[in-house]
Every structure is written in structure tokens, then in C-alpha cells.
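In this document, chain identifiers A, B, C, D, E and F correspond to the written order of the chains, with residue numbering beginning at 1 in each.
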């Protein structure tokens, strides 16, 4: 792989990306439904980056407790704690809930907290500097976007975030939650702003569910846009770049 | 079953969950339409826990009168009152209506009551301590969520609830009401926040109705995501993990 | 039939309900489109109750004039006036319009009236006491629910109503109007709150309309949930529990 | 035909209504899309009533100029002007626009006019008295309903109108405009309040349009609810009660 | 053709209209999507009127610059400038933008302008008088309707416009923009108010697009309501009244 | 090609446009989903204009950094920097974010910035004058339109923009983002205002994605409106004007 691109950590996905991977410095939206393996994709990206490509990474959690993530991901044989100790991986927990639920009296004001945006950006910058990170994950971006009820503000906020990210030189995965379940859907504005979009969908045909991996867009790269089957196996996500989804 | 997981109380469901069951301490959303057997699933989880796995449980009712639940469930041969006396099962009624309908004058202010959230959480904690509960059910979560008309507040409230639950060490079932009836639908935000999602759906094909059990997601566990047929039999819910829904 | 259940007055429907009928004291939602026979079902339930099971009943009208109901139902050979005289049937008219349209000057304030909720509940209680009623019908519940534009208030109001009804010991039919016409639809919140739901639907396949009777839910009872054909015949509603809807 | 019913003026429609016709004194909603023949149906009902059943009628216009209606309907060979002179037919124009467009300065306040409801009801009563009318048409009811943006008010307004109509003893046709074009649609609240509902629909199958006549509901009468083909011929609307819509 | 009707200028369309054409003095809605040939239809109506039936016409532009319309239409061999000089055709530009974009400072107040309704109506009347017009086109009506966000006002405004138009004795084409692209759609209120409705639709079947001409309604006239194929040829719009849309 | 038209820079697209290309001075909407090649189309239009037709062009960026665009487009072998130096191409960056993200303190006010509309129009005029541009691209128009939440204002703003553009004599491509993904969709108002509309869609049939190029409308030009397949190849967009989309 050339210096301008970096591997996804998934052989089949890299093949779909023309054997090149993701353009360095780009922010890629990875969108899927519940149970589609979004977090698995993100952690696999960081784990393989750290262990196979010598690219340290940062996982910014906006929902799940990092300790839970580490435990849940151990089923794939990924020892994230070890990588953390070796400074090849850092976890930043910016979940706004944690603070509140530790002080019991705060429960009445449930839902009144805010993300401290500047703190988040500073934390990212410090983290990147500290472990010389080349990869960053925000999981999920949806929690961050919730703060901006106004369309225009939300779009500008995401543009700022991407601009800031691009200055770090890191390659970034932004996890996004899909609303609808059918093949026809409304595009989300994030798909237009991100520099690449990967869809992890679960499609029901009759009573059979199929998993569908699709690179919807990847700026600066000629890719295979066809939906391809994927699975969540014992060793993480596998994509089958030469098969079709429904047999 | 290992110590890290606990049985659902349904053989077919456990098989779908890789013969492991539900990860201990997790909060699982069980979503279904009217008549799909949501409460039956929840009570079966508590009953089997108490009688077969020595795991006492708490049923928190936000809608139905616990006495009605006990009576309705007796058709499966489950003697819930006996379990209650043996301190293997506790019922907590936090339905806000009950108070009002007993004082007749209050009827004009219909719909003006609120859940006392802190009281709920305290009651759960006390209940858990008193009978050393390992399983908790909230039925239905939907009633609880109604208090938060604002999207962001609702999400933070559910995150707080799950965080608090996870501290008790109990495995939790959160019952949720599905809106749509078709195979294509909008995901509910609860599906993203819960650590696992089980769908109990009734699908109409031509003029035949089929019941469909599906583990949409289960963090930390490799599961069979295919929809499988299930039925409500004389002895509770049965799931058929090797059959397909439409024959 | 055991003492815990009561007949619907329709042989085929009772068969679908496991030859048991409706659990006594429960409030059952009967939902259908215009012309689906909702009022016929409700009156048949009261008529058969009064004539065959010695269970007097009350019909609470929130829309149609009771005199019109009596006249319209005479086509089935049901002499409701006679039952009324024998105190086996009582009609309570709580339609808010009647008052206004009799005083001509009121027409400008069209739509400004309210149901007197407490009066309604008192009237029900008095009626039940007077004729020792065992069955109550509200036709349609939709008119009552219109008063509560707020979701939460509406849900609490219905819960209060059901709780109050259950104290009378009567078995209750709540008539509800369906919005959509297709097989896929949004569940109405009433379906979750009622203790049982019966759907009377008319489905169009190509250019042929079929009537479809379905017990969506019935708490405390194992029922046949399959949709079954029904018809409105010279002697009332007939359900065919062994046939399928589309031939 | 018995005294309790009156003919629609369309042989095929009467046959569908069990050879009885419409119950006297009832208000029937006739709903259809643009070009479905709603006004033709209404005028045919009045014309046949006046010429064949000696039942004078009143046409209340809320949209089209009565002179235009007379001219447009002359293509069916119906001389409405003659019936008017013979006092077998009366036209009441309550269109609120007419007044404004005659006084040019009023154009700036376009859309600021209101129906004078009481005047409308008085006009109907006077008209009924003057020609001893037995049939009344409101075309279209939709214009009248537009005044009530609030759901509850609209429902009560329509209930008042129907109650008032029923006192006149006349049989009434209320013309209503359908929104959607497909076979699946949302029921309009008017369908629940009217004592009968007749649908005049145009359905597109592939590239062929079929007209579909359907009695959705008719209180107090056993009817054929199947959709039947109809056409607008040189002599008015014809319904084919033994054919199916799509061949 | 009789004096009561006037040709559309399209042989196939006249045939569908029973060889009669459009009733004189009526206002006909011509609705279609982008690229469906709405303006071509309107100009062809005016051009043929002026050159073949000696009926001068007025084109009221609410969107496009009349000079652009003349240039665009020259591809059909229609010399509109010549007709204009011969006073057989007049162009009235009431586009509210033109004024603003000529005075550069106005750009900040973009979107703050209004149609001067009275001026529009006066201009029409003067134009009609000056060239003794028999045909009028408003292209598009949609721009005019945008001024009335309130449903009731919009309906009354359109009724006023039609009433005013009918006084001029001219036959009028009102161009309207369709929102949806499928065969099933919501009817627009304009379809009920106009005296005739012609649909110019483009339907996609698999990957083939077909153009579909349909007379949805035409008051006072028996017409062929079936959708028929049409094309935009070198000499304008052609309708094929004996073919079906999909072959 | 005649002087009145200009090539799209895509042989297949020009063929669909009757071998003429786009009418000079017109503003053409190019609408597509994420990853459909909208920016590639726009840059190819400018690149081919500059290198093959001696028509300098301006690219106005409202989203992506021009430097990123240049880098991303280099994969097609297009040296945009060289054209820029030769004054055959100019990039104008009016993205409102850039300013804010360079001054770190501004991050709190995220989403509070505005496009300076007059500055944009002045910049265009100056740019056009400086390099004698004949082609202009706005990418994406959607960002510009976001400023106008009110329907009427948005329409007038776009009309002003098109009117201003037409004065420059340039041929303009306005990039627009499609919301829905299915074949049936709501038309966007921009499709009615633009003088031409080209759709770049990706349609999913079963599990195969096809790219579909369609000229929906092109004022003043007879075009092939059928959807045709296209691809993004190593040398840019290719359209296949004689093939059908689904094989």
C-alpha cells in the first residue's frame, strides 16, 4: 500500500477499495443499524492499525463505557488493554452521562448535560500528540450531532469537525446510526459531508436476513460500489468482495 | 453456561445466543407489538431464573397491575405468588395511575401525574438488595420514556438508567412497544442504546400470520441473527432455532 | 363456559378464543374501519348477553343517537327496546352534540363542548348498579380520546378508564376507529393498554374485498391469532374460525 | 321500494343497496377524486328524485356557480332549469367567493371571507319548507369543513350538521374530496360520522384506469360491499353490480 | 368544432376530448413534472389558437423571461415574435424577481417581494381588451399560489382567480407543478377547483420512461379518461389517443 | 457544435443532448446521491471546456477545500493546478467554515456563520471578468439554499441567482444533493427553476447497483429523456447513450 492510503484492517474491504484502502487524513462515515457491527469495524480498524501497520489509534466513546468495549471485543481475541499499555491505543470517554450518574442527586436533571465541544477537540489533539496516533474513531457521531437541532448548525458543526480532523493528519472513522431498515431510504446529510461512506446494512428478503457491505462513496479513489456480503466471524468482520448479497 | 452469561429461560433462544444466554449485567431490549408475548417473555425469564437457576428477580410494572400479571400468567402453570412468598420474586408497581384512580376527585386532573424517577431507582436498589435479585424487568419501558418529549433528554435518561442498572450487576429486560407492523421500519433509538435487542414480531404474509423471533444485536456475543419462528404454547414461549419463518 | 370468562355472542369468535370467550372484567378494544360492523359486534355482544347468558348490559353512545342504533339494529331481528323495558339493556347517551343542536343559538359555538368525564363515570356506575349490568360498551372510544391532544395525558386517561371499569366487574367493549386501510399499519397506543384487541378489517386484494376477523391479543388466554374471514349476515356477525381469508 | 328508503336514481346502485336504496333521513358521504363524477352522482340523485319519485330536492353549492352546474349537466339531457321553475329543484349558492369577486376592491383581502353557518342552516330549512324538499345535496362538504382547522371542532361541526339534517327528514348527499389515489389510504373522519359512505374511485392498474363504485358502509342496511365497475355515460352514471372492476 | 368549445391545438388531445376541445371560458389545470412539456403545451395552445383559429392569446409569465420562452420555443418552428407584432399574442411578465435583480442593492432582501395581485388582474384585463384575446395562460400557477401559506386563503384565492377569468370569456390554461413521481399520489386542491385537469406525467417502468397524457377531468364534457402516450416532437406535443402507455 | 450550445465534455452525454450540448447561458441542475460523481461531472465539464473548447471556467466551492478537489481529481489525470496557472481555471472558496476553524475560539459559535451573498456574486463577476470565463460551477447549491428556511424566499433566491448568472453569458452547473434513493421521489423545487436538469442516480435492483444518467429536462432542446447507464472510469464519467440501465 502506498503512503497516501491506509488499510481498513479487513482484506475484503481493502480489495473493494482498489487494494489501496482509505485515503490518509480523510474522515469516513461508517453507517449501520443496531447489531450491524459498527463498533467491531471501528475497533478492528484500530487494532489492525496498531498491530499490523504500526499506526497507533484513539477510540473516542460517546456512548458505551470503554471498559465494556474492551470486554465485548475480547471475543475476537483482541487484547485492547495490552495495546493501551503499549501506548498503541488510547480510549477517551466523553460520554456526558457518566458524570451525572455518579452523583445521585443529579438524576432529576437527567438529559440536561452538554458535550464540551472544545474539550473534546483538545482531548483529541492531546491524545493524538501523546501516542502519535494515525487513526481516530468517534463512536457514535450520532450522539455528538444530537446537540444541534438546527439543520444549518449541524452541517457547519460537522464541517468544522472534519476540517479539524484533517489537520491532525489522522484517518478517521465516524460511526453513524441508520434510521430506516429498507433498501430505499433518505440519504443523511452526513453522507454528503464525509469524504467517504461505508454502509453496513442488514436486509431482510422474505424471512432471511443478509448482511450487506457497500462503499457508497470514497473521494479520490475508484472503488467497487456494488453491495457485497459480509459477516461477523470469530476473528472480526469479513467482507466477500466477489460474491453477491442474495444467493 | 458460564458465569458470565445467564439463560433466557427459553431453550431455543439460548441456542440462538450460542448456547450462552445473555451477558450478565447487560440491559436487553425486548420489542414487540400487541399480543406478541412481551410480558410472557419477561415473566418466563424471571420464573425460570428463580426456579431453575436460583436467580431471584424483580418485576417493575409501569402499566399492568401486578395482581393481573400473576393471574394472567397462571395459565402457563407458573405460580408467581408462591415465588413471591419465597422471596425469589418481587413485584414493584410504579404505575402512576393507581394513585389517582383511587381518589375519585382526582379524575379531572387525569394525565397530570409523573413517575418519581428517583423513587423508582431507589425502589429497584432496595428490591435488589432485599431478595438478592439477579434479574430485573421493566414492563414497559415505553411508559417511562413518555416523560421525555425531547429527543436528547430521552436518550440521556435511558443511558442513565442502563448505567445505573449495570451497577446492580443484574441482567435486565426492558420491554418496548413496536409502532409499525411491516418488515421495513424505522429503528427506535432504544435499539442503539440497549446492550442487546430481541424482536418479537408478527408478520402477515397474504392472510397468514407468522411469529418471528430475532436477536437483532447482543454485545459481546456471536449470535444467530436470522429471524426464527416462535410460538406461545401452554408452557410459555418456544423458539425454533433451526426453522425458517415462512414455510 | 367457566365463570371466569364470558361469551362474545358469536360462536366462531368464542371458538377462536379457545371456547372460553373474554376474561370477565377485562376491557377489550374492537377496532375496525367504517362499515366493518363495529357497532353490530358491540350490540350483538350486549343482546346475546342479555338474552342467552342473563347478563344485562349498558351501551354508552358517544356518537350515534341510541334511537338510531335501535332502529338500525332491528334489521338483525334484535328488539332492543323490549330488552330496555325489561331492564336487561340500558342506553346512555353522552354525545356532547345533542345538547347544542337543540338550542339553535348555540350553533356558532360549534365544537366548543366537552365531555363531562366525571359525569360519564358516575353514569356508568349508576347504570351498572341499577340493572346489575355485567357488560358495558363504549362506542366509539375515539370520540372520548379526542379530548386529550397530549400523548401522555391520553394514555393516562385510558389507563384510568380501564382501571375504573375493572372495579365494576363488567366485561367491556371499547370501539375504536382504524385510520389506515392496508395490511401494514402503525399500532395505536390503545392496543397496548387494552387487555384484549380484536380487529375487524376489510382488505382489498386486486378488486375483491375480504373481511378479516383477528384476535390480536387477549391477556390471560391462549388464542388463535390467525386472521379469519367473517361476514355481516341477516342475524349479525358470523366468524368462520377454520377458513382462511383469501381463497 | 318501501317508504323507509329512497332510490339513488341509479339502477345498479340500488341493486347493490339490496334493492332498497338509501334509508330516508340519512346523510350519505359520496367521496371521490377529481373527475370521478361526484357532482354528476349528486345531480342525478336530485333529478331522478324530482322526475321519477316526486321528491323535490335542493342543491347547495359551496364551490361551482349553480348556472355552470346546470349547463354542465345539460349534456346528460337533464333540464334542471325547468325543474327549478316547477319548484321541484332549488339551487342555493353559498360560495363565499362570489360576493368578494364582484367588488373589485376586495381582492386584496382574498381568502378572508367566512361561511355564515347559521345563514346556511336557515337557508336549508327555508328551502326545504318552500318546495317541500325530500333530498338535499351539499357539494362539496370539503369547502365547509375547511373552516375548522381543529380536529375536535370539525368533528362536532359535522355531527351538528348531520343532526340538523336528520330533523328535516330529507335524505342527504354530502360530497367529499378524496386525497390519495392508491387502493391503500387513510380513512377520513367523515367516513365514521356519516350514516353511509359511497366511494367513487379511479384506480390505475398498469396503464389502464378503472372506475370503482363501492358502498363502504350503509347503517341499517345489508349491502354488497364489493367494489363494482361504473361509468359516466351519455345518460349519467351507470353501475354494474354483477361485474368485477379489473377484467 | 362548435362555438362552445375551442381546440387545444393538438389533434390527439382534441380527439380525447370527444373531438370538441375545451369548453370556452373554462380554466384548465395542466399539471406535470420538470421536462414534461408543460410550457410547450401552453405555447402550442396559444400559437395554434392565433394561427389556425384566429383566437389571440396572452402568456402570463411568473417564472421564465418571455424572451427565453420565445427563443426556446423557436425550435418547434413557432415564430412567436411575429405573432406578437401582429397583436395575435401578448406576453406579460409578472415575475417578481426581474425588478430586484436589476437593482443590485436589493439582493440582500431576496425573497421579500410580493406579486401585486390587483396589478396582475388589471394587466390581464387590459391585455385581453387590447388584442381581443380569447386564450390566456398562467405559467406557472404554482409561483402565484406560493403567496398563500394558509390552505383556506389559497383555495379562495384560486376560486377568485377562476371567477375573474371566467368573466373575460377566455379559455385559460393554468400550469401546475407536480410534486411526486409515482403513479400513486396525493391529489392537489387545484385539481378540484379547476374546471378541467390534464396530466402530463413521466412514468418509469423498470428502466424505461414513458410519457403519459391523461384528461383527469373536464366539466361539461364526456371524455376519454384513459392515460395515453404522448411525445415532444419537432413540431410540438403529439398525443396518441388510441395507444396504451406501456407496450 | 453551434455557437448557441456548448459541450458537456462527455461524448455520451452530448449525444443524448442531440449532439448539441447545453444551451449557452443556461443554468443546469446536476442532482445525485453521495458517491454518484457529481463533483467529477462538474470538474470534467470545466476541464474539457478549458482544454478542448478554449472555454475558461470557475469552480465555486461551498463545501470541499479546492485543494482537496484538485488532489481527488488528479486520479483522472486532470492537472487542475496547471490550468489554474494558465488562467484557464479559477477556484473560489466560499465555504463559510474555513474562516471559523482557523480561529480556534470561534468553535463555540459553530453554525452561526452566513454566506455573504453579495460578496459571492461580486466574486463570481470578478472571476468571470479576470479569466474571461465561459463556464461556472457551484458545488453544492444545497449549501447555499440552506440559508433560506422559507419556501418562498428560497425560490426567489434561486431565481435571482439564475438571472444574475444568465447576465454573465456563462453556462452554469449547479450541483444538488438528492434526498431519496428509490425510483419514486418528490421533485425538488430547484428542478422547476433550473433551465435543465441532469440526474445521476444509483438504483438498487435486488442486490445489484446500477448507475443511471438521465436528462430530465433541457429547455430549448429536444433530448433523449430515457435513463441511460453511466460509469466513473479512469478517465472520468462515461455515459452509454444506446444502452438500457438494467440488463
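Observations, loosely collected:
Please note the rule applied: contacts are C-beta pairs under 8 Å (C-beta built on N, C-alpha and C of every residue); 3 or more make two chains touch, one makes a residue touch a chain.
Note that the coordinates shown come from a computational prediction; the quantities given were computed from them, not determined experimentally.
Path length between chain B and chain F in the touching-chain graph (shortest route): 2.
Any chain bridging chain D and chain F, meaning touching each of them, is among E; the list is complete. Overlaying chain B on chain C by C-alpha atoms takes a rotation of 60 degrees, rounded in steps of 5. Across the assembly, the mean Cα position most removed from that of chain D is the one of A. Where chain D touches chain E, the two copies mostly use different residue numbers: shared numbers make up under half of all numbers in play. Remark: chain B and chain D have CA centroids separated by 52 Å (rounded to whole angstrom). For the pair chain C and chain D, the distance between C-alpha centroids works out to 30 Å.
With centres set at the average Cα position, the gap from chain C to chain F is 60 Å.
Residue positions of chain D in touch with at least two other chains are not found. Contacts between chains close into a ring here, every chain touching precisely two others.
Beginning the circuit at chain D and passing next to chain E, one meets the chains round the ring in the sequence D, E, F, A, B, C. Interface of chain E with chain F (complex): residues 33-35, 63-65, 68, 71-73, 75, 95-98, 100-101, 104, 107-108, 110-113, 140, 142-143, 146-147, 177-182, 202, 204, 206-209, 232-234. Residues of chain D touching chain C in their complex: 117-118, 121, 148, 150-157, 159-160, 163-164, 183-187, 191-193, 195, 197, 203, 210, 212, 214-222, 225-227, 244-246.
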